[in-house]
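The block underneath contains the structure these notes are about, expressed in structure tokens.
Chain naming follows the written order as A, B and C, and within any one chain the residues start at number 1.
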Amino acid sequence: MSGSMRVMALLTLDPDRLFPVEASARALARDLYGGVKDLPIVSFHGHVDATVLAEDRPFVDPAALLVTPDHYVTRRLHAAGVALEDLGVRPVGGSATVADPRAVWATFCAHWPTLAGTATHLWLAHTLTELFDVSDEPAPDTAQGIYDHLASRLEAPEFRPRALARRFGVEVLATTDGPFDDLAAHTSLRGAAGSACRVIPTFRPDAVTDPSRVDWLGNLERLETVSSTSTSTYDGFLAALVEQRQRFRAQGAVATDHGHRTPRTVALGRGDAVRLFDRLRSAQAGPEDAELFRAHMLMEMARMSCDDGLVMQLHAGVVRDHDRPAAQRYGTDIGADFPAATSYTEALRPLLEAYGSDPGFTFVVYTVDEAAFGRELAPMASYYPALRLGSPWWFLDSPDAMRRCLSAAVESAGFSRFAGFVDDTRAFCSIPARHDMARRTLCAELARMALEGRFTPDAAHAIARDHCDALPRRVFRWGQGT
Amino acid sequence: MSGSMRVMALLTLDPDRLFPVEASARALARDLYGGVKDLPIVSFHGHVDATVLAEDRPFVDPAALLVTPDHYVTRRLHAAGVALEDLGVRPVGGSATVADPRAVWATFCAHWPTLAGTATHLWLAHTLTELFDVSDEPAPDTAQGIYDHLASRLEAPEFRPRALARRFGVEVLATTDGPFDDLAAHTSLRGAAGSACRVIPTFRPDAVTDPSRVDWLGNLERLETVSSTSTSTYDGFLAALVEQRQRFRAQGAVATDHGHRTPRTVALGRGDAVRLFDRLRSAQAGPEDAELFRAHMLMEMARMSCDDGLVMQLHAGVVRDHDRPAAQRYGTDIGADFPAATSYTEALRPLLEAYGSDPGFTFVVYTVDEAAFGRELAPMASYYPALRLGSPWWFLDSPDAMRRCLSAAVESAGFSRFAGFVDDTRAFCSIPARHDMARRTLCAELARMALEGRFTPDAAHAIARDHCDALPRRVFRWGQGT
Amino acid sequence: MSGSMRVMALLTLDPDRLFPVEASARALARDLYGGVKDLPIVSFHGHVDATVLAEDRPFVDPAALLVTPDHYVTRRLHAAGVALEDLGVRPVGGSATVADPRAVWATFCAHWPTLAGTATHLWLAHTLTELFDVSDEPAPDTAQGIYDHLASRLEAPEFRPRALARRFGVEVLATTDGPFDDLAAHTSLRGAAGSACRVIPTFRPDAVTDPSRVDWLGNLERLETVSSTSTSTYDGFLAALVEQRQRFRAQGAVATDHGHRTPRTVALGRGDAVRLFDRLRSAQAGPEDAELFRAHMLMEMARMSCDDGLVMQLHAGVVRDHDRPAAQRYGTDIGADFPAATSYTEALRPLLEAYGSDPGFTFVVYTVDEAAFGRELAPMASYYPALRLGSPWWFLDSPDAMRRCLSAAVESAGFSRFAGFVDDTRAFCSIPARHDMARRTLCAELARMALEGRFTPDAAHAIARDHCDALPRRVFRWGQGT
């Protein structure tokens, strides 16, 4: 990691980063952080591919690890005018050439300064320094040196996925899986030696609950092939879902997850639901029918959760694939999904009235609409026992945003109505950085509140530990006979 | 208050609570607070029952005083999984057994830690320590000791309602009353000796202006019985409202109040209004008619306020009784009312165009949508002389939320466009705690702004005193010939 | 500036104003500010009248300079109950008497305290002290002394518009001009000696792209008179717009600007567009047609920008002339324009899909909806290379609001996705005060972030300088062959 001809700017992490500037608050935040920084990582929502851990192969190269698959990074560099091909993103089905890893890495390093101020910048700085001992700041003239350094590390056994997971202190990591996924990777992981980290699937049935997907009918058939019932009738479809949920539970799943454009819920009677399902299957559906079906299926999923105990998670309010020409060319998850204003109060009412006070039901709602977090979700979570505040999501998973969300929710709902932090990441190496950021931010906010006399420093310590550890275990019922 | 077998955690109030952490800002905030903390309480909106003060009976027991009727508390404990019956909330019309006061109190104390961080926690800590000299933190093993202590206090003459109101320094307290309320308690209070505190009614006609109520027709009849005109015609209905407003004014009322789902206002011509009223009365109304009538009646109320000088208050944007099954079982005000996104700019336009610049009109608007407070209400209040910013309401009546609202509104509207703090509470004993919190928060924000060089500390002192005292008197025309 | 009989309150500016209170953050902010405070002013959006600089006449009097035309001031005094006539605002077409300048000034001074806390207060204090050496605080008994002092200054050559622009350090100032404006003032300024400041026009075609204007058909005719094509056909209309854009470019314009009620964009095929244009011209348009045409014309303007390189600016979300009776009496721009909730994600999708990744296109979007700034615009600007975050606008151009907007946007979009500060003012003398406030606020926020360890103080210096200087030049392509 030397040999460059000029003195490099050093890449360093401030040990007090993200703590308040004022000295007494900083001291207390540091103290609080000391009590939680080494707690194990329990993360009940994310997008790591289980096969990465199951196969435990070395990561291919620095670009493929840190740049190409991280849509937080590709998004920002696309905004800076970089073509996605130059970041290694391969056009769908195309034979188009993409840049080679060294070129991708050089492009990334050249644009490093434009990341300043973003959460991504802090995660990457954390990853590069803490994980890989990189000491130079990414820049055009450091790019190849850093690349070589990273590449050599990735060859070492201690940088294989399972070894990293151990190093990260990951106790449990939830993946997100389609309803007909065979969960082979999870199966193999359960039997694998040397995997201290527990990897559990999450049942995400969007492929069959969203009739607006072009592959919906095909997905129903795929669901049928893994089920013991036909999915050509509404009742059979529901039975197949119940059956697959059981299969996921048997594989260790503790939760379902639902990504919906809107949080709308509607309670249809069985007759109406049957007719709606048949209209949709026979391509005679009206323009509102797909949304109505999604809204109804959220109700059904809540009902099934009351029965089988899977925690229900909802991610709503994102316009996916906003740039349709780019989605056609590159597919999904390139960084072109954006939040829209979202209203939860009336939308969730049918579901919460029906199941929100059911002691067997837990409903974690994530939002990218910060205004709705404080205005709607926190008040409702301060009444309905089933409702939990999902950690600030996506564009809100950064220090200031998390602080604002805490501030906006705690005064009406208290700390115990949250669900704890989830890293929600596809970027495997960012897991410890993301949890570290969340813990620092929580401690910063707790320090401020304690010094404002809202509770004692001892209470702040207890809240910090609960938030990072016991709370998510309680909410996701982990270690309680699972 | 001793005798427990273990050392208790002490319940203490930081004398500098809610002031900024930074030392110079804290010192200035403390100084500013010193100038306002002992000012009398003038509170022109709230929900205390006048009969409590009229009858001046001892409070029944600690649970009935501090837990059961406070929907801020019941809401949070319901979220923690406690059945409302176990908090003493009695099902409607039912003979269901509810927990006895000691059990309610024990449940409350057991859940005390879950309130940490909430405004409710601070109000209760203030009440318990300042008012009742409780020194132990509520907990399972302190519950009965605290109960006994409180119960013995409640028997003492100085803990009767009027004595407390004197001790609180309440100069004037507004209640909220239906349009056919006989105001007997207010009448008796006016003649009562030993009541330094002035209790005035507020005219809240929702029962007759909202045709979607199941009891609307009955309410029209009740209105007729207290009026000299028939309410079976639109003109008679309006005349009855004018007459009842006069009756309230004669009883000391300075304001009306209107709780509407939306702030929509519509100016109907007399012919349209007559036809709408008749359609609604004859049960031939269309689905939009109730909302149209409410919107029209806000216009009529504004017009009447221009005539009779009653300040008009609007509380909009709350979905009441969100959990309808619970509302059926327990009735209203159990803590299941939640905010929804609310738009004021176009909604209030007809009313503000017609009356917003009328020198005889004052219109105080309260919102639970923080985004709208800064985006819409503050800009409009910085132009329309009639429009005043109601103090941040309900889920926004907490320190961080009030600070954010001040910050968001002051830069465009200045301090003088507010209406002053109102406690808006049903929880009688929380009155001083709520005003104290509002005063501390105001002083904290003024200290920050002054030290940022926006105005001098002297100006901050003047603004603080105006906000807590002269401003609400001016806005509600109190002590100006009333 | 002396002679009054009592000791006046001094009007002073804290040299550390708007910096954080905490000492280390204040020191760093001060240091950062030192690096940018003397940078030239490059302001690519505003409403100064070019004839003021072209004619370079002395300003008439203090009231006409600082009070009557500044709708931030008239708005606030109107809210305080002052009639607009008493601020010198002349009713439309009327022979109504308005107050004389001394009386206007006295009214303004009497209401000075009600401005405390507003951005306007700080701008005016800056202007009075820094520009005019006023040392007394405006008040009833200082009003005439200050007036005399200001009036005598305005007679001096160094207080003529061009001399002031030099003193302000204005390098380039963009005006906002209608599509048939002859730009005579701009022409004369280009040839004028002694005008170091470059004044450039901005093409704002709302008069012809918004068919809901009562004068739309007349505006089409006016457009035709300055163009070489007829505007009675859709193709001719478009050709005329292309031609006028070229005329503006030849006069130095670097940008267009569009003020729309909503940011809606729609891509109509040519046939639909022709039919829509014809319907609108023949007064057979449906109720949605005007909005549809505006939405379509935004697409056309973006397409033309891709061709001719003019940066496209959009100002959306304001309800103009909210108080229609007042607009009828006094005309526009009296301070009665108010923000409304605005959704950008779906509204801008057609435009961004079509042109958002075009390397020749730059699209600066301004919003008055703070929630949308962080929730929608920042995420989209972090992906689409064409999209830039316009500086927080109008009711958001104040210190706390700018800080919140920075905080909300930077964590997802970084600093480089902004477009730089624009003063957007009609109040010529407020230009340096507004830029100073923006620079101080930026430095305050950068200092906080740097001390929280997000980047180094050196990086903060670089970001500050880029933001105030190089960034707006890059975005508006200034000095790059222009």
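The working rule: a residue touches a chain if its C-beta (ideal position, glycine included) is under 8 Å from a C-beta of that chain, and two chains touch if they have at least 3 such contacts.
Predicted model, so just to flag it, every value in this text is computed and none were measured.
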| item | value |
| --- | --- |
| Angle, in degrees to the nearest 5, of the Cα rotation that carries subunit B onto subunit C | 120 |
| Classification of the subunit A:subunit C interface as same or different, half of numbers criterion | different |
| Distance between the centres, which are taken as Cα means, of subunit C and subunit A, whole angstrom | 40 |
| Per-residue overlap in subunit C, given as positions that touch at least 2 other chains | 20, 22, 341, 371 |
| Touching residues on subunit A, where the partner in the complex is subunit B | 20, 22, 24-25, 341, 343, 345-346, 349, 352-353, 356-357, 359, 371-372, 374-376, 378-385, 387, 407-408, 410-417, 448-449, 451-455, 459, 462-463 |
| Of subunit B, residues touching subunit A in the complex | 13-14, 16-22, 75-76, 78-81, 113-119, 121-122, 319, 322-326, 335-336, 338-341, 368-371, 395, 398-401, 404 |
